[in-house]
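Structures given as structure tokens follow.
The two complexes that follow have chain A in common; it is paired with chain B in the first and with chain C in the second.
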Partner chain A sequence: MLSVMPKPEVKRAVNPDEPLLSVQDLEVEYHTRRGKVRAVDHVSFDIYPNEVFGLAGESGCGKSTIAHAVTRILHPPAYIVGGKIMMQGIDILQMNDDNLRGFRWEHMSIVFQSAMNALNPVITVGAQIMDAIQAHTDMSKKDARARAKELLNTVGIDPERVDSYPHQLSGGMRQRAVIAIALALNPELIIMDEPTTALDVVVQKQIMKEIRQLKDQFGFSILFITHDLSLLVEFSDRIGIMYAGELVEVAPSRQIFTNPQHPYTYKLMNSFPTVSGPRQKLVGIPGSPPDLITPPTGCRFHPRCDVAIAGRCQEVMPRLAKVGDRHYAACHLVDEKVIHG
Partner chain B sequence: MVSNLRPKQEPILEAQNLTMHFHTGGAFSRKTVKAVQGANVRLYPGRVTALVGESGSGKSTIIRMLARLYSPTGGKVLFKGKDVLEDKSRGAMLNYRSKVQMIFQDPFSSLNPVHKVRYHLERPLRIHGKARNRAALNDQIDVLLRRVSLTPTDEFANKYPHQLSGGQRQRVAIARALAVQPEVILADEPVSMLDVSIRMGVLNLMAVLRDEQNIAFLYVTHDIASARYFADDTLVMYAGYIVEGASSEELIQDPKHPYTQLLLSAVPDPARGLKTAEMEVVGEIPSLTSLGAGCPFANRCPKVMERCKQVMPAVTELSPTRWVRCYLYE
Partner chain C sequence: MRFLTRRFLFYLVAAFVAITLNFFIPRLMAGDPVQVMFAQFQGRLDSRAMESLKETFGFVQGPILEQYATYLGNLARGNLGLSISNYPTPVADLIFPSLLWTLRLIGVATITAFLIGIILGIYAAWRRGGGIDSFLLPITSIVGAFPFFWTAMFIVFIFGLQLKWFPTSHAWDIKLTPNPDWSNPEFVNSVLRHGLLPMLTIVFTSLGGWLLGMRNNMIGVLSQDYVTMAQAKGLSDRRVMFTYAARNAILPSLTAFSMSLGFVVGGALVVELVFAYPGMGYLLLKAVGGRDYPLMQAVFLLITIAVLIANFMADVLYVVLDPRAR
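And now, the complex of A and B:
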């Protein structure tokens, strides 16, 4: 379905071992009437070139807040109160509005949750793609239109649909059009926040497959956020698991699925049924995620954890520690294993 | 014509040839949306039947017809062998709903935000005359909340919906459905709005109710993996038609209809890894206003034949527990 497109010129030399994006000690607070909510608490992770990094966790764990912080689209009552977000040596959090305008779309673009509604209903799809191109380059209208057609072709839409309005396209095609806009300026990083949530699984599979092909063709990285754990494990190279605003485990996705180290990850991976393998009794996780206005002391997962160490997990917050090759977990039990085992 | 077959048992609730066409496009338009066409569903005491399909396939329309929220364009609904659609009086409705209850998808909007949990449970108990006085009422509320594991019950009875998590709200909705001691529960995507970690708790609770109270469940979902986990039988729906029915495990292990095969190959599944045989399928679900007489999957089906486009295939029974609507198996 993909056309052969001229390879974009490399904007700068990319070292595959150096992180493209580095989130360091990020802290985000929501100021509410009931008090301050620490939605993201000292979260650090790196995304490498051409990598898909997935963020997983339950609703309210802070994964979308991170995506919004990285793109600097957080609005009050959300405030970034600490940390750095480095991309290619520049701290995104220190950029002024002009820098930010140039940075967005050229270096980083976003595909939103409910992307089907992200298109303007009274403007043709082609014009919306041309808009993004012309805002950032000196390209003539004619060339921009040709490029818009090329992009539609790249994402598997007939280029003749360039003059269609969003309502004339199916849900899957609208989603593809949004991805075309995200690709328009060949950014190094695309943030995808629940990109296929509203689509049926067959269309979802096609689109995810195409995104993967585009990623390999153009060499961009993806920060992938979804609540669908099966999809996340299947699609991501590495995964970060979040719980109550903290990153509790980071590992290659196979590792996360087959050899999780944090009790929360372990339980989460045993919380959803699959269509293959033996049919087994699943229990989920008792209790519910904590209220972040008054989060539990120590490890935030300890009230729901059945292997918590008395006297320790309630009091001391565990830090991310290396447990294997590219595998980190924040759990006192893991510390014990590393120390004693 | 048959649906999921359980020859030794009589179905408690049965839909026969149920059809729903919605008129659309204004008073002078002749457009109709053919939401459901000739659906047959049988529910048995102590069994869960799943109805699986994508959004827009008609599964919610079927559950609403069974709950008598919609009047079908055609077909029958039989409760214990008796046609219930004939009598539309309030008494008959009330009687039907004391036997057949519904649980909705969104526990954030199915509870009234200005009333406590107690109120939500009191209402069905009073309306259906299940409790005559205050003491009986309190006893029953206590039993119901205990049944859905919301303890201490006094505390939960006095909470407002906003003080509860999504999973707890859905448990209140289940308790409310149980209040009238129903024999059938129709559950429309009951866990799809809940967090992954609490979904299993709610499904397991419903499985206990099936086993201990012998309740018949219709479980409507888009998630075929959860149907495999929770349901005894599974029906697969596509563009208004139920195209295949079988025991859940049989269906997952050996799907017959090309659409079921496609659906299963597309479901993300980390346990399966990358071993899946990719099915190349193009196109999307057809518009329900322009469906022809043929099989609705014909335009995407890799094994399409000429006659698939002419007439929708009839039911072919493959075994006493499974059937399919596809010419490949005639």
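And now, the complex of A and C:
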């Protein structure tokens, strides 16, 4: 029954060392009454085939904006003002409406934070899977329905629920249904914007486990966005830490956890408890994220940083620099270490 | 289904309450209204009319419950009493033709205005800041804010008196045939020509409300995640606009629409006056002018019941369109 997967390994036969998605110098601005807010500032990162890339940071740091920019579903007053988003050699930002419509879901899908809001309340779950399939293939209605049932089965929902309306499903089932919709066309990349935040921890754990299994089964990559650091570290292969619209550190998740290089990452890692590790005192980060209409000069984190270098961090903006194997950080201290170490 | 059964029972009770009030209100008036009327007509009412009036109001001999039973019995047989101003025509015979004229004119106009308003509202929200949104929306809103009789007379003046494109009054050309004759194509044509101006007046004045309401609902729905997700799914604009956005945005407008459908039965007094259209509003005005209590009561009862029926129909429609109501 599971052999109906329409697109076999052809799409997956990409070089595993070539990035699937490459975000280069992405800039997004919100045009507000008070002025322009640069929510995403020169952010670059790559996602490789079958990889889970996590993005973390405080609320308003720009992580969801990146997710929406990559799928090109940003609405005014948000505008992409610079950069490239390359997917298998094609710049998504240059696509016209028709190309974009064909590209969407076929190659990249998105799972929203709240499944209740992501499902249309007045049509059935099955219809919401089928319309995605029928928009991209010439599958008959009967086949699309069979495929919808199969997808529901894949995510652990009784296929007979194909005719259920969203309000007839539990919170966990709704999120599974949204994941089933995301899987409908077997895309190479699924963007998950806080996919389990609205669920209780038990269901959350289950669903994350299932997502991982689905990833191994179908071989897609995930851009995973959350503010739940323990979940992120556990689930991601590599992690990018964002602060005030900038990417301040990128590293394999174990590295981020055990050997953070940026003072912000370091403080972030000390601000959540581990279940298995030794007891330690939790430390918050004093201060609050800056106002992005008038961001601090130099390093945006310097007003909250207790190891800032006087005279330098206030003035010079640090750039991401290599600090280890697949490990990058944007901090003058790192430069110092590189230079003096 | 259980929801609809509950609603149906509720409306049944409401209708019964309305019918009962219709019986008791005249009895709360000081004195016997029939006597009062008799005095006003200074002997022009004969004893048969008196009896009929008494029966209509239930002022027959016997205890009050017996009177009430008589009243309900008459109602069940469609006996609404005799008209005073058009004595001795039964009230039902007066109401029926007026009701048909009103349902045709105001009903068609109300539905047309709703459909056009909703469709324009969908496009206004979809292309926010576009032509419909920036021009048509303010214009229809302003027209809707004009006094109704002013708009009606303006339309009569321009299209009827100046351009002479359409006749300005009555439902059909009386010279053609004194009584309606639907088998005559000339008569049908005349009805259409006579109906156009009053219909346009209603459509123009009520369009803006539907447009604005639908547009605002749409704007709200368009910011929902499921609309964004539908776009991210690469669905056609048509499907996103109608199945995802409009399908959800129309629900609040439906309630208002059902209310206005119910009030259609009451007629559109001003329009019917300006165009001398023989509808329910016109009939009610004549009834008030002639102190025709049986007629008035029958009209009020009919409006009440029509509103209840329209509400029930809205509930059915709601259940069809919104699975959460099932």
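Rule of thumb we're sticking to: the second predicted complex is superposed on the first by the 332 of 341 C-alpha atoms of A that agree within 3 Å, B and C clash if a C-alpha of one lies under 4 Å from a C-alpha of the other, contacts with A are read in each partner's own complex, and residues count from 1 in each chain.
Keep this in mind: a residue touches a chain if its C-beta (ideal position, glycine included) is under 8 Å from a C-beta of that chain, and two chains touch if they have at least 3 such contacts.
Quick caveat, the model's predicted, so the values are computed rather than measured.
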item	value
Combined model on chain A: chain C and chain B, fit or clash	fit
Partner chain(s) touched by A:Y165 [first = chain B, second = chain C, both, neither]	second
Partner chain(s) touched by A:T294 [first = chain B, second = chain C, both, neither]	neither
Chain B versus chain C as contact partner of A:V202, first or second or both or neither	first
Which superposed partner A:F257 touches (first chain B, second chain C, both, neither)	first
Touching partner for A:G102 - first (chain B), second (chain C), both, neither	second
Contact breadth on chain A, by residue count: chain C or chain B	B
Minimum C-alpha spacing, chains overlaid - chain B and chain C, in Å	11
Touching both chain B and chain C, residues of chain A	none
Touch list for chain A against partner chain C, complex	71, 73, 75, 100-106, 109-110, 112-114, 117-124, 131-132, 135-136, 165, 167, 181
Parts of chain C lying in touch with chain A, wherever the complex brings them together	223-226, 228-236, 239, 243-244, 247-248, 321-324
Chain A residues touching chain B - in the complex, by the definition given at the top	58-59, 170-172, 200-206, 227-231, 233-235, 253, 257, 267-268, 271-277, 279, 282-286, 288-289
Complex interface listing, chain B residues touching chain A	54-55, 165-168, 195-201, 204, 222, 224-226, 228-229, 249, 252, 262-272, 281, 284-285
